[in-house]
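Shared between the two complexes below is subunit A, which pairs with subunit B and subunit C, respectively.
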Partner chain A sequence: MTTDILPAKVKRGDASDGGASLGSRLSRIDGPAKITGAARYALEHHPEGLCHAVIVQSTIGAGRIGVIDTAAADAAPGVLMVLTPDRIMPLKSATTWLDTPGPDGPYLPLTNMINFVGQHVAAVVAETFEQATAAAALIKIYYEETDAIATYDDPRSGEGMALDHLAVSWGEAEEALAEAPVRIEATYRTPREYNVPIEPHGLVAQWNGDKLTVWEPSQWINGMSRTYAEWFGVPYENVRLVSPFIGGGFGSKAFALAHGAIAACAAKMLDRPVKLALTRPQTFTAFGGRPATRQTLRLGATEEGRLVSIVQTGANETSRDGVWGEPLASVTALMYATPHLAARQTVVPVNTVLPSALRAPGENPSAFGIECAIDELSYEVGIDPVAIRLLNYAEEDPHAKKPWSTRQLREAYEAGAKAFGWEKRTSEPRSMRDGHHLIGWGVAAGTYPVRRTAGEAMVRLFADGRAEVASSGIDMGQGTYTILAQTAADAIGLPVDQVEVKLGDSALPGAPVAGGSQLANLMTGAVHKAALAARDELIGLAIGDPNSPFRALQANTLSVADGVISSPRGGEEVSIAELMHRLGRDKIEVLRDTLPETNNSAAEKHRTYTTITRMRSPTEGDYSLHAWCVHFIEVRVDEDFGTVRVSRVVSALDSGRLYNPKLAESQWKGGIIMGIGQALLEEGLVDRRKGRVINNNLGDYLIATNADIPDIEVISVGVPDFHASVLGGKAVGELGIVGVAPAIANAVYHATGKRIRDLPITLEKLIE
Partner chain B sequence: MSKSLTLKLAVNGASHELTVEPRVTLLDALREHLGLTGSKKGCDQGQCGACTVHVDGERVLACLTLAAQAEGRAVTTIEGLTPEGADLHPVQAAFLSHDAFQCGYCTPGQIMSAVACIKEGHAGSDAEIREYMSGNLCRCGAYPHIVAAVRQAKEVMS
Partner chain C sequence: MRDFDYARPASLAEARRFAAEPDAMLLAGGTTLLDLAKCGVAAPAKVIDITHLEGLDMITFGAAGVHIGALAKMSHVAADAVIRENFPAVSEALWQAASAQLRNMATIGGNLLQRTRCAYFRDPLAFPACNKRDPGSGCAALGGVTRNHAVLGTSKVCIAANPGDLAVALTAFDAVVHLGERRIAVDDFFLLPGMTPEREHALEPGEVITAVTIPASVPARRSTYLKVRDRQSYEFAAASAAVGIELEPDGKTIRDLRVALGGVATKPWRARDVEKALIGKLLEPKAVREASLLAMTGALAQGDNHYKIDLAPRVVTRAILKVGGLA
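Moving on, here comes the complex of A and B:
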C-alpha cells in the first residue's frame, strides 16, 4: 500500500507537525485501493468452479412448514441443488460468544419451525446467479400458520422477562422521588433500527477436504472462525476466514449467521465453492438490528434543578427464540450525580429475528431517554439546558463510585457552546424564527465506555528496510490500516510509507472483536509493543554483531529515525537495509501479545480472541473509563408542514488522544450523521398482523442522504488517557451517535414547543 | 430464458465479447463475467447508487440496466476513469485528501456520480452538490467530506 503524504523529518507526534506520526492527519493508506476499485471485497472472489446460492425466506410470522414443493425448482435449468430443512446437513451446535454452550444440537440453519417473517427456509444452488434466483421463485411452500405477535405493543406480548443483570440501584430511589419538590415523568420510545451497511451480507465458501476457506465480511475474524469450526466439527485451524475489506458493519458483521452456515453446507455437499449474497430485503431479517425500546423515566429534583432521584423502567423487544438485552440504564446511571437511582428493564419476546448490536447498543437509546428528560427538567425549573447539566455534573462515577480516568465533559460544554454561539439562544420555545421556519437550538451529551481486551501483532523488518505489521484485526473504515502503520513507523523509526499492514485474515496473529470501540486502542498497544521489540532487536544486533559498523563504538544504544540508524556518539549513519545487508539477515520477526504474562497460554489466547469473556469492564481497576461528548444542534421546522431539517451541528468530543484526527473526525461525523437519520428518518415499520417488516429496502427504510446533512463541526477536547489505553486513546467509533437524537428532539421542542418522545420525529407528529 | 446472447460490450475502451442470458444486468456482467468488481452491488434495486457507472458519458445505475442495453455504447467504470498508469482523477484525489469515505464500498459509485455531477454543471454550490449527490447513499456518513471533495475537484477540473 502507498501513502499520499510523505513523512516529515521532524516529528513531534501530534497534529501540528503535518507529518505521518501517530497524531497526524495522514490520509488513509488503504484509500488508493478503495478509490480505484482495486480493493477486493468478500463477494469479489471467484474460485474456479464457483456456483451461486439464493435463499428463500418465510412469508408467515409463526407456525410450521407443512409441505415444500421443490419439483419445479429441482428441474429448473442450471440448478445443482435445492436445500430445504429436510435436505440440509445437520451441524453441531456452536458455543456462544460468552464461551457458553449453544442450544441443544444439532444446529439446523434451515428449519420447519417458523418464528418470524423472513426466516430462511430454503436455498437454491445453481450454475449462475440468475438461474438460482429464478428457481428460488418456483419453490412452493405450504404453511401451517399460527398467530404471530408482531410487536411489544400487542397486549398478548405481556410484560416480558426481567433482566436482573441490567438492573442498577443505589440509595432509596422511590422514597426520595416521592419527597422531591419537583417531579417529572415521561416515556421515550425508539423503533426497530437497522444497520444497513451498503455492502450486503454474504460469503464465498470453499472446502478442500476438511479445510474450509470463507471470504466473508467480518468484524471478528477469530470469533466467526471458531463458530464455523464448531458447526462442522473441524479443528479451529482448519477454517480460514479472509476479510481484508469490509463494506461497513456497524455491529452487524461480528457473528457467523445462518446464511453462512447454509453456504458452507452447500459447498460441502456439492464439493464446489459457493457464493451466497443476501438480497437487500433479506438483510432486514437475516440478522437483527437494534430492537425497539421504551423507557419511562421519573426524575425528582430540587426547585433549583438539582437531581435527587432517578427511577427508570424500560423494555426492549427480543425474539421468541433468544434474548437480546439493550442496556437502557447505561447512560442513565452514569451521566449525572444523583444520590438515589433505580433502574430495571425487561425484554419482551415477539415474532422477530433476534435483535443484535447496532452502533452504541444501550448507550444510544439510554441517552435518548435521560438527555431528553434532563432537558424537560430544565424547562420545569426554568434554567438553561447547559446550566442544568453542569449543575448536576458527576465528579466521579456515580454508580461505581470511582474517579473518572479523564472526563473532559466540562471542556466539551464550554468549547461546543462557544463555537455554536449558545449564549445567543433565547430559552422560550417558538422564540426564534426565520420566516416560515421555526428555529430550535438543542443540546445533549453522550458517552461510551472504554472496553479492553488483549490482542497480538506480528512485526517484521525485512532486508530492504521495510516493515510489515500483521493481525487478524480488521478495518471496516475506522482506519486500522493507517493507525497501525503510523504506530509501527513511530516505534521503529521508519517513514510510514515503509510499513505495510496486513489485516483481516485468520491466518494472521489473533485479535478480538472489532466492536465496542475497542480495536484501535488494543491493536495500537499490541503493535507498539511488537514494534518496539523489533527495534530493540535491531539495535541489539547493531551494537553486538561482529559485522556491524557500530560495534567499534561501544555504544549502549543507538537511535533509529526515518529508517536510518545512528549513534549519539557520531560516526557512520547506516540505513536499516544496509545494516541488515551487512549482518546477512533477511528479516527480524517479532510476535507480541498484550495478555498478562502470568496467563498467556495458547488456550487463553484462543479464549481471548474468540470469545468476549476476556473483555475488561470500564470500571475494572481504580478508575472509571469512558469517552464523552456534547452535541449542539440547530433545527429549522417549517411551521406549516412540520418538516424538520438539521441545519447546524457543533459537537465537542473527548475520545482521549486521537491517533489520527482526520480519520477519527470522519468516524465521529459518521456517528452524528447516523444519529440525524435515527432522529428524523429511521424506523422499521412492522405489519401488525404478521410481524413483517414492510419497509425492508433502502427506498423505504430511510437513512440520511447527502441532502439531509449540513456541515458538521467537531472539536476534540480529549487529552491522552493512559489509564484507558497504552497510547492514550478512548472510544471513538460508537461515541459520536450517542446524544444526537436527544439533541435534535430538544431542538425540535425549542423550535415548536412540542415534545416528541418517540423516534423518529416525523412531520405528522408535529402537525397533529 | 436459458437461451444465451452473445454481446459485445465496450468497457473502459476495450471491447469484450461475452455470452450471457438476456436477463443478466450490466452490473453482474461487469462483476461476474468481466472481473471488473470496482462497481458495487449494494441493493440490486436502484436505491443506493453503489453500482453507478457511465454509459456514453452519463451516470447510470448498472443494476437497473441489462447488459444487452449497453451493447454499442461506451461503458466506463471506476477502473477506467483514468488511463492505466495515469495519475488519479481529480475527483479520486479529492476523495482521498478529504477522507470522503470510510469503508469504501459506496465509494466507486460516489466517484462516478461526482464526475458526472461536475460535468452536468450540478456542482455550482454546496447545496446543489448535496442534492445531485443524494442518489448515492453512504452509511458510514462521509457526506460533508464528499461535498468538500466535489467542490475541490470542480475547481481543479474547470
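Moving on, here comes the complex of A and C:
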C-alpha cells in the first residue's frame, strides 16, 4: 500500500520503483506445495523400521521421584524400551547459545529432581504410537512432593534476582522525578503467554553409526545441530538436521529441547529410527512461552506534557533451574526523549519450565508498559495521545545517543492518523457510543531493533539456464523461499521462476537463527552477494572463452536480463543456457558469506551460525538501527457485558525497504492478530497450588479466531535503509505485534474510562 | 488410551444391549468421546458405534412441534429452515456452539451428553481428586482456578458447569428427551450434582437417546439465544440465555415468557422466578432488569467466577428486551 504522505520522488525500494522482482508482490513460491500437501513436514517422515516414543510428564510441581514402577509398561505389547532417569544414556552438557559452557555435565533429559509440573520424567518406545501411549499410562511414579511456588504472586517467591545487564540509566532519574510538576505511577502486568504453533513440536531421529539425522521443525538449523552434536559427542558434521517446512514457531523452535534429546537417545539405544511427537498439552511444559511480567512505571513531566524522567522497575518469572530475562526496558529506554531515565529488572524463580522467546521478547511487554503510561500522561496533562508522543519524539537514540539510521515514525503517525480519521476523535472517555457499545479509539507505537549476523549462501547456475540458491536458513511461513528467489533473480538477471531455493538443511551453507527479525535481511545480503558473484563469473567466462560470442568484449559492456546476455551496443543475444552450452559448462557454483574481511576463520564462521555471539547490536556502528510502527485501533465495548471487540485497525509501519510487500504485510498482520489475542484473550491460567497451567489446549487457551479479527489496514512508510542491511530492509516479523496490546488497552480506556493494566482485558475486568 | 472392543450393532435393540454392559460407551459424532479418551478421562471397555443406524437423523415437523433424531448433526439442525423459523433460539444456540468442524461432526444426542470443561475434571493425572470422575476422591476445583465454574446448582462436592448451549434452549422450551419409549422432560433429564456428581443425567444403563422433541409455541417462535464470551467463536459461554416471549395483543404485556441460562450452572438452568415475575407485567426495561436479578437467587461464587453473578442477569435482561423488540 502506498501513502501520499511521502514525497513522490522518494524511492521506496519496492515495485513502485519499477522493474525488478525484489519489491514485487510475488505470492509465496512454497504455497502450492503446502496447500496440496506435497510439502512434507518433519513428522511425515517414516524411515524404515520407525518406532514411536511417548513422553510421560511429572504430575507434581516440586520434589523428587521416589520410585518409578515400569514393570507393567515394560511388559506391555509392542514396547521396545521404557526410559527413566536411571535408564537413559547420559549425554554431554552442550554449549549455550551464548557460547558459554553448559551446566556441569552430564546432561540428563530425564531427571529425578522435579522443578515443575509437566517436566519430562519417562518415555516409552514401542512399535506403534498407540502401544507406546497405552504403555505410558501404565507407568506408576511415586513422588516425594515438596511445596511448589506456582507464580511470582506467591509471597514466598520473594523479590527475585537483579539482572544488572538489563539495567539502563542516564541522568538523575529519581531526583528529576521528585521535582517534576506532573507525576504518574502505574503497574502493568502481562500473564504467561504461549507460542502454540499449529504444528506441535516433535521429531524423527535416526542414527547410522555415529551419524545422526534429525527431521525436526527448526528456526535454527545450525544452532540445534551443534547442540545435538555436543550432546552425543560426535563431530558437528555428523549431525544432519532437516527442516524445509515449519508449521509456525514464534520463537519456540530455535533450540534443541529435552524431548529431542530423548528421541535421539532412544534411537541410539535401540539403533532404530524413533518418532516423538509431543501432545498439545505437553507442549505447554516441554518449553516455556513468554514469562509473566510486571513493571511499575513512574513518569515525570512538565505541565505541558514534556517528559523529564522515567523510572521503571520490572520483574518477570523464570524457572528454578535457569534464568530467562524478558527485557522490560527495551522500548522504555528508546521511544521517547527524556533527559533522565532509570530502569532495573529482576527475575523471580518459580516452579515452571524455563520461559523462552515468544514474538518480540522484551519489546512486546515493554511497549505495553510505556505506551499505556504515555497515554495515561496525555490524559493527566490534557493533550491528545498522538500529540504527546510527537511532543516527546526522540530525534536521536536517547540511550545510545546516536542518530537513527532511519526513523519514519513521524510519518507513521501522520499516515496512520489520516487513514484512521484520528482527527474526528473526541478525547473524553465514554464520549463515543453506538447503542450498547461504547466506542474507543486508541493509539500506541512499537519498535523492534535491527539485528545483524552474517550468513552464507550457495548460488549455482546450471546448463539449462536455471539457478539454485541454497542455505540452511529456514522458512517458517515468513517467505524466505520467495524473497531469496527474487533476490537471486534480480542479481543474476533471471526470471524469478527460473530460480529454485533450497532451505532448512544443515548440509547446506550456514545461517544463524531465524529470530529477532534478522533472517530476511542477512540472507538477502548473502544471496545478493553470491548471485552477483555467479553473474560476474558467467560474464567473465563470456568474455574470456574463445567459444563465446562475447569473447574479447569488456565485462561492463554486457548485461544479463530475463536469462539473456546481451551487449547493449547490439550484436548477438544469447541465453544463459546457450552460453553454458557453448562453453561446455554444466554449472557455475559460488559460495559467499557476509562475514567481515578479517576474523572469518572456520571457527569464527561456525560460531557465527551456531551461537548468537556474532550478532551485532543495533547500535554498533555510527547509527542506531530500529524498525518502527504505530497502531490506531478502534474497540467496541459492550457496556453491560464488558466484552471488547476490535472493530478497526490501521497500522503504519517502517520496516525500511520491503523485499516483498505482500509477504511483509502478511507478517505484520499476523503480528497484529497475535497482538489482538494477547490483548483480549491469551493467558496461561496457573493453578495456585501446584503451578499447573490448566488451560493447556487450544480449546481453553484462547487465541484469536477469524471472528475476532476485523479488516486490518497496514501502511508501509519505510524507505530503504542501507545502514541497516545490504538491501535496505529493517525488522518485519517481530515488529507488528509490538504496541498492539497497549493501543487496545488505551482504546478500552477511551471507550469506558477504565484503565485495565493487566492483560488480557477479559470481560470481568470491565464489569466488576 | 486403553484398548477397547468396538461394536457395530445391527439395530437399536442391539445397541441397547451393548450399552448395558459395564464401561460401554456409545459413539456418535465422537467429538466428546475422542477428546475425553485422549485426556485420560474416558476409558471405555467397549465402544458402540451407532453412526450407521438408520432413521435416527431425521428432522420432522408436525402440529405439535419438531422431532429431531438423535443422530442429526448440529450443523444440519442449525441450518434447518423449519427450526430457524419456529425455534430460532435453538438454531442460534447451535451456531454459537463449538466450532464449524465440531458442529459438522457432533450429533444432537451426543451434544446433550457432553461433559463439563472443568479443567480439573479433564486432567486426571495432575489432579486425581474429582468427585465426578472418581466419586469420593474430592474436588480439585475448589480452591483452584474457577473462572469458568458454576455459581448455580453447585454442591459441596462439585462446582463444574454444564457447558451446553443447545440444552439451554431446549430447557427453555420444554423439550422432551426420547429414550426409545421412555420420555423425559429435558429439565428432568439433567441432574444436579448433589452428592452424586458422577451422575449427570437420567439415562439408565442400556438406554439410548433416540430423539429430542420440542413443542411448538409462540415463545419458541419468538426467541433468541444470547451467548456472551470473550472470544467471538469457539468458546464456552461466560453466561448465556435462551429466551422466548409471547405478548398480549396490546403488544406490551407479557403473556408468556421462557428463560433459561447457560454457562453459570451445573445443569441447563431454567429461571422460572424470572418468568413468574414478568408474566402479566408490562414489558419495560426497568422491570425486566429487576426481574432478571432473580435468576441468580441462591448463586454462590467460588472466587474467580464471581463476575458471572453480575453478568448473567444482564444477559437475561438483554435477551428479554431483544425478543420483546426493545433492544
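Just so we're on the same page, the second predicted complex is superposed on the first by the 744 of 768 C-alpha atoms of A that agree within 3 Å, B and C clash if a C-alpha of one lies under 4 Å from a C-alpha of the other, contacts with A are read in each partner's own complex, and residues count from 1 in each chain.
Operating definition for what follows: contacts are C-beta pairs under 8 Å (C-beta built on N, C-alpha and C of every residue); 3 or more make two chains touch, one makes a residue touch a chain.
Computed from a predicted model, the values in this text were never measured in an experiment.
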Applying the touch criterion given at the start, work out whether A:I694 contacts subunit B, subunit C, both or neither, answering first, second, both or neither.
second
Just to be sure I read the superposition right, which of the two partners does A:H723 touch: subunit B = first, subunit C = second, or both, or neither?
neither
Which partner chains sit in contact with A:I246 here, subunit B, subunit C, both or neither? Use first/second/both/neither.
first
For A:K662, decide between first (touching subunit B), second (touching subunit C), both and neither.
first
Classify the contacts of A:G37 with the two partner chains as first (subunit B alone), second (subunit C alone), both, or neither.
first
Pick one for A:H436: touches subunit B only (first), subunit C only (second), both, or neither.
second
Who touches more of subunit A, subunit B or subunit C?
B
Looking at A:I767, would you say it contacts subunit B, subunit C, both, or neither? Reply first, second, both or neither.
second
Considering only the touch criterion stated at the top, classify A:N706 as touching first (subunit B), second (subunit C), both, or neither.
both
Report for A:A134: first if it touches subunit B alone, second if subunit C alone, otherwise both or neither.
both
Shared subunit A contacts, counted only where both subunit B and subunit C touch the same residue
130, 134, 279, 699, 704-708
Quick one: which bits of subunit C touch subunit A in the complex? Just the residue numbers, please.
1-3, 38-40, 117, 119-120, 123, 125-127, 143-145, 147, 228-235, 238, 306-307, 310-311, 314-315, 317-318, 327
Residue ranges of subunit B touching subunit A (in the complex, touch as defined)
1-2, 21, 23-24, 28, 31-32, 35-45, 47-48, 50, 77-79, 81, 88, 92, 95-97, 99, 101-108, 111, 126, 129-131, 133-134, 136-147
Considering the complex alone, what residue numbers of subunit A touch subunit C?
59, 117-118, 130, 133-134, 137, 279, 281, 436, 638, 640-645, 680-681, 685-690, 692, 694-695, 699-700, 702, 704-708, 760, 762-764, 767-768
In the complex, subunit A residues that touch subunit B:
4, 27-28, 30-41, 43-44, 46, 77-78, 128-130, 134, 195-200, 245-250, 277, 279-280, 476-479, 662-663, 665-667, 669-674, 697-699, 703-712
